[in-house]
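What follows is a pair of complexes built around chain A, which joins chain B in one and chain C in the other.
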Partner chain A sequence: MREFDLLQPKTLNDALEALAQNNATIRPLGGGTDMLVDLRARRVQPDTLVALQGVNELRGVTRANGHLHVGASTTIAEILKNPLFAPFNALRQAASVFANPMIRNSATIAGNIGSASPAGDMLPPLLALNAQIELVSRNETRVMPLSEFFLGPRKTAKRADELISSIQLLVTSNQSPVSNPQSSAFYKLGLRQADAISLVSVAVWLERDGEKIRDVRIALGAVAPRPMRATRAEEILRGQIFSETNLKESARIASTECSPISDLRASADYRRRMIAVYVRRMIEQAWQHF
Partner chain B sequence: MNYQILGNNYQRKDGIGKVTGSETYTSDVILPRMWHARVLRSPYAHARIISIDQTAAKALGAVVLTYADVPHLKYNERIVSIPPHLFRDRTVLADKARHVGEAVAAVAAPTEQLAEKALRALKIEWEILPHYTDPADAQSENAEPIHDAVLLNGEMKPIENNVAVARTVNVGNVDEGFEHADFIFEREYLTSRIYHAQMETKSCVCDPASDGSITVYPTTQSIHNTRQLLGEIFNIPLHKVNVKRVAIGGTFGSSIQMNSIIPICVALALKAKHPVKLVSTREEDMYDHVRYQTKLKLKIGVTRDGKITAGHIQALADVGGHNIQAYALLSVLAGWSASLYKFPHLRFEGKAVYTNKTPSCAMQGFGNPQATFAMESLTDEIAHELELDPIEFKLKNYVGLGGTFWGQGPSVQSIIRSDGVPQLLHDGAQKIGWRARPKAGTQTGRYRHGIGMARGFHTSGAGAPKPGEVIDYSGAFIKINEDGTVDVVHAMMDHGGGTLEAIAKIVAEELGVPIENVGISPADTLTTVYDVVTHATRGVYAGGGAAHKAALKVKQQIFEYASRVLELQADSLVIEPDYELRQGVIYCPNFPERRITLGALAKQLQINSWGTMAAVESLRQVNCPPAFVTYFIDLTVDTETGHVTTNRAVIGSDCGTVVNPAMAIGQLEGGLSKGVGYALVEDNQWDAQTGQLTSKGFWIDGKTPAISEAPFNENIITHFSDTYEPSGPFGAKGIGEAATNPCAAAYANALYNALGIRFTELPITAEKILRALNAEENREARVEMREMEAMAVMQAAE
Partner chain C sequence: MHKKTIHLTLNGEAREWSVYPNELLLNVLREQEYLTGTKYGCGIGECGACTLHLDGAPTLSCLTLAIACDGADILTIEGLARDGKLDATQQAFLEHSAFQCGFCTSDMIMMTRALLNENAQPSEAQVRDYLRGNLCRCTGYASIVRAALDAAALEKQRAEPSAAS
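Presenting the complex of A and B:
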């Protein structure tokens, strides 16, 4: 591990100032669960790390204007504990199988997004839930759909002078008479059932209208250079009656939409097959959850 | 048998220290003036070192070692093979790297940080050589030699075609045997190279003194063999080498004797003239040892009524960069494969080949999980083909009570004098519901259910009636303290399985004192007599046997002194624990009113200046009895994903008298846990291009199964046979390695029962299962297509 400077700003302004003044070898540090591994493996060699644990503006989960604002420093463990996350089943399921309890206590939501691993556990559920991401720098604040944020493996739309400040999720309630019932589900397939990197992961979100699927989003992890939406698979289901035939066809399409690689964990072929199996199972699970 | 102590569960003597974290492991040892070491490991699989620039590292104040600075004596870290069979091919630091992760230089500095900096400052110029990850390539005609020659019995033995060693064994005439066969079965089985995955990484602290002596705190399974090797390598007389026993965080064979980091740490301490601590990182540790990968080709001839007529076994073992015990491995592969069956004619041909990979080493079972996977799979298959119940077929060809048992191969034979196999098979079959198991290959649908069984064993120790190729004896020193408590001074290591607890119990049982009164003394090589090593499932049988022998001697002294005090014949006395007095009490059953506690007796001895009751004994056990284990596995396969769920495991053990019941059950459960990883999950693969582990040594992809995948406790059913081993202490034999050996075969046989498909390659991953299912479906579809075509042709003809 090579030596670096560690900055510990107490305010968001100080953090952004540091980022604005430095060059490209400065990196934000959230929970550190990816960063420390990358440092030791020399995958990243920053001159300066900006630790964000002390920045209060990045903390907290609040509900306002029909949205849930999730502070960047929110830990994975808090997603499991905080009742405000109850409507987002897929997110909760992903948090529950995220690494191990020690890592969950430290790792942050923004850290998982910022690392932009194709296999990042929280990314498919956030995509399926149509999350928005807020980025701040000294000069501007911008909000974009998370689906536009990921550019490739470990590549994102975030500039070096920017920080992820929050994630926003649209809150709806099954009790609300004005909106249709919604449901989501997530599954991660690893080489074992705990503390493993996903071979594939699948998140789905459904909006129901009687016997019909009014709207649907399907997101896949670890089967493309970045977490992806299976939009063609969604088209098969959107506005249609929930049926075994549609389900199978959608799952089949999803497995052709992705572009997995073969590596030490699994072959591309196995990954495709598992996408077909788990897209079907997750839609069934989300449907049963209504 | 009725025992006072054996067979009861007590709190472990080291239990509180371990669960509260106050136990001292090597990494906890901190000495005044202590420095820290880091090791430079090769990034290349096969490369010669041209030069090492140490200037910058030395400028930082570090002590630096390279090949030029260390003794050049070739050693083998495991010295239980007798000198004519001990292949020595490595030095403290390597002159050339023979695998990624090989130690080629080392530094020590006052802080870990500085040591790491100094390590990074070393500049090495390499000459990269061709490397081989496949034994077939390594043997090719023009292959670059990995070793030119190795040291064997004081002479350099040239190595040709990278073949480390080869062995052939012949019994009878196999050709004749196969002529008598009605059917001949031939199959090839391939097993994986897996990492030991012990909790504690290999570590060492060395404290050099001004008189030239050293005190060493290592992770090792044998303090005495570590001492002898250090003395030899560094030319220090043994009375100046003290190796301390420190608690060890599991080994599974990974610390078989003197870890390769131990002499590096010693060399650094001698040069720095400071105590030095060296703790391996997990990534370094994963490049240090793996289980032997073996390819086993089995050919078995049988008669129509299910009698084996001949067997031919061909074994190819991948040694990796250094030969730790390949010669012994080839012997035991023959033994493990053949022992449970009567082979009128047998031929074994084994070859062990160097490759540029992490050195292979014994790992829980030492070749036995590999051999048992192959043998128990093929015998299951033969039984099915002959339409016999596999249990019936196995018993029909079983050696059985009174038979000669090969055990560790032709040179380590014993006679079966205790045999729980028929009872274990009978009880296990009942508990799992063997007769109600599905008929293989008949199921359809998403979930398929299967039950499979396999037998296995491990010999308790390696000490056969005839002197063999392996050193095997233990020693113990026992003394009675002046309050009637007992000190047991024994050099054996306890890897966590409870070996030392068992030794304390055996002593307490024989001396008739409460278990609380028996203490296991801290041990080091200055104050203990020789024990070879805790390996080969020998702890209770051999280590406990030596303690029992010493206890018998001490007991004799107790009765002699007590007869003087009580004025009764020594032969008429007994000693029993009295739990109210918390003492052993000596009395004569005919005159029970005349009695004395052991404490009072010992005090009387002191007052009278009669001396101390104590004895030291060495023992070589001479039967190495097989500890048998049976596995019945009940599982479900999800045919959409290939995922396997273990519903129930029924594990039977014949360990003779059960000394530590709770810990024996723990051994069986642990054996299952390690076995499932081997059967279904673990696979350390090497990148042929770079010679690196594809996981790069990162734990995240070197997985063992998670606890959440283990069956719940109530679904792991363990049972024991009612056996008594006449040669063992109180009828006890071993359990540790036997506990895991049949596991992979039982899974493979259960998968056959569920799916009708035979798996011959480990691990049987979900992906492999799915691939096999698809191949099977395609095959069935093709058969159906051909039938339909044939039908169409016939119809057209009509």
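Presenting the complex of A and C:
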């Protein structure tokens, strides 16, 4: 493998200082399950890696002020095990089909987001759950909706001197009399049951008010240059009675909103058809799970 | 690029390694420790051949930098037998001949061991789900699944010696 220097900071400040002082050939290293593959294929050629494994500030999952604060170094395996993630069914479902059990023990949530693959498994559920992303550098901390973070295939709004520090999810309490019940669902269509790169993936989130869908978010993976929200498909359902007619129309619109490519895994036409199928199924699934 | 000295526990024994930043855990095990039970398969995390336990969790050693293992507790297939006695998973794989070429045997056994540590009585569906990232190109998996299920039974039997003897 290509030679590189490795920094192993113990604090977030030290990590940010290293990123601030170095040039563009420095890269953060999380679980390494993408980075080491890219290094070997020479898709990335950094001179220095900053290993974040020892930075305690990037660890941990806490619930405060109605939000779940998910540390950047949280592994996919922890999303499956930690009961704090129980309200986020779509995220759990994505974690359960993420690569394979060994990768899930190493790969981190920030790594999957930072890699910014259009097919990244955790991205549609995070978009459907309206996640916020926190970026830190030596000089500032900024928080933005995750929907603004992805700029294109493997391109993000993160500067070279910044790190993803956490992801924030709004926790709603179904016990609270003021909030409506909420539910989410995710499906990845792959060519096999393990290590599959998704042909399409669909995540939906619903808020229910009696027989109406009060609010809805639909996110699609692997059918555009970046993970996307199907906002026109959402409009068909928002504020309306849950009905077969609306469901069909929303699914049809979603398949026209995306812009999939044909490649060796599937044709664009097949991907569009599958978006319609799985948008419909995931909304039905989320509706049934209130 | 500088070497760094790290300390770790390997199969229950203390080790000191001097490693470069770009050395993979898999390569150090095979080329410096001569522990060749852990295999190099695809090198990109898609076959499972390099699976070992890192601080108790099944991990791909082809996607792990050795230098990041300072203070770690590593268990490979060579460390599974205790006091000359095969682990229940090893015994079950032998009894079921759950291998043909043997290349995946180490990783299948290490995964079965990890599964039984989490879940002492897994169902067949749970075994198949847990082993889904470990490829075997010979057996068709049937004998591996039987061996994994039987390993759970064998371990239970060993834990209750009165019932066994």
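As a convention for this text, the second predicted complex is superposed on the first by the 290 of 290 C-alpha atoms of A that agree within 3 Å, B and C clash if a C-alpha of one lies under 4 Å from a C-alpha of the other, contacts with A are read in each partner's own complex, and residues count from 1 in each chain.
In this text, a contact is a pair of C-beta atoms (placed from the backbone, for glycine too) under 8 Å apart; a residue touches a chain by one contact, two chains touch by 3 or more.
Keep in mind the model is a prediction, meaning the values are calculated, not measured.
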After lining up the shared chain so the two structures overlap, which partner does A:Q182 touch, if you call chain B first and chain C second: first, second, both or neither?
neither
Between chain B (first) and chain C (second), which, if any, makes contact with A:N112: first, second, both or neither?
neither
Considering only the touch criterion stated at the top, classify A:D195 as touching first (chain B), second (chain C), both, or neither.
both
Just checking: does A:S147 make contact with chain B only, chain C only, both, or neither of them? Give me first, second, both or neither.
neither
Contacts of A:V277 with chain B and chain C, given as first, second, both or neither
first
In the superposed arrangement, which partner chain does A:S267 touch: chain B (first), chain C (second), both, or neither?
first
More chain A residues in contact [chain B versus chain C]:
C
Contacts on chain A seen with chain B and repeated with chain C across the two complexes
1, 193-195
Interfacial residue positions of chain C with respect to chain A in the complex
1-2, 20-22, 24, 43-46, 48, 51, 54, 57-60, 62-65, 67-68, 111, 114, 130, 132-134
Quick check on the complex: what are the chain A residues that touch chain C?
1-6, 8, 32-33, 36-37, 39-40, 49, 51, 53, 77, 99-103, 105-106, 193-195
Complex interface listing, chain B residues touching chain A
116, 640-641, 681, 685, 694-696, 698, 700-701, 703-709, 767, 770-771
If you look only at chain A, which of its residues touch chain B in the complex?
1, 41, 189, 191-197, 264-267, 270, 273-274, 277
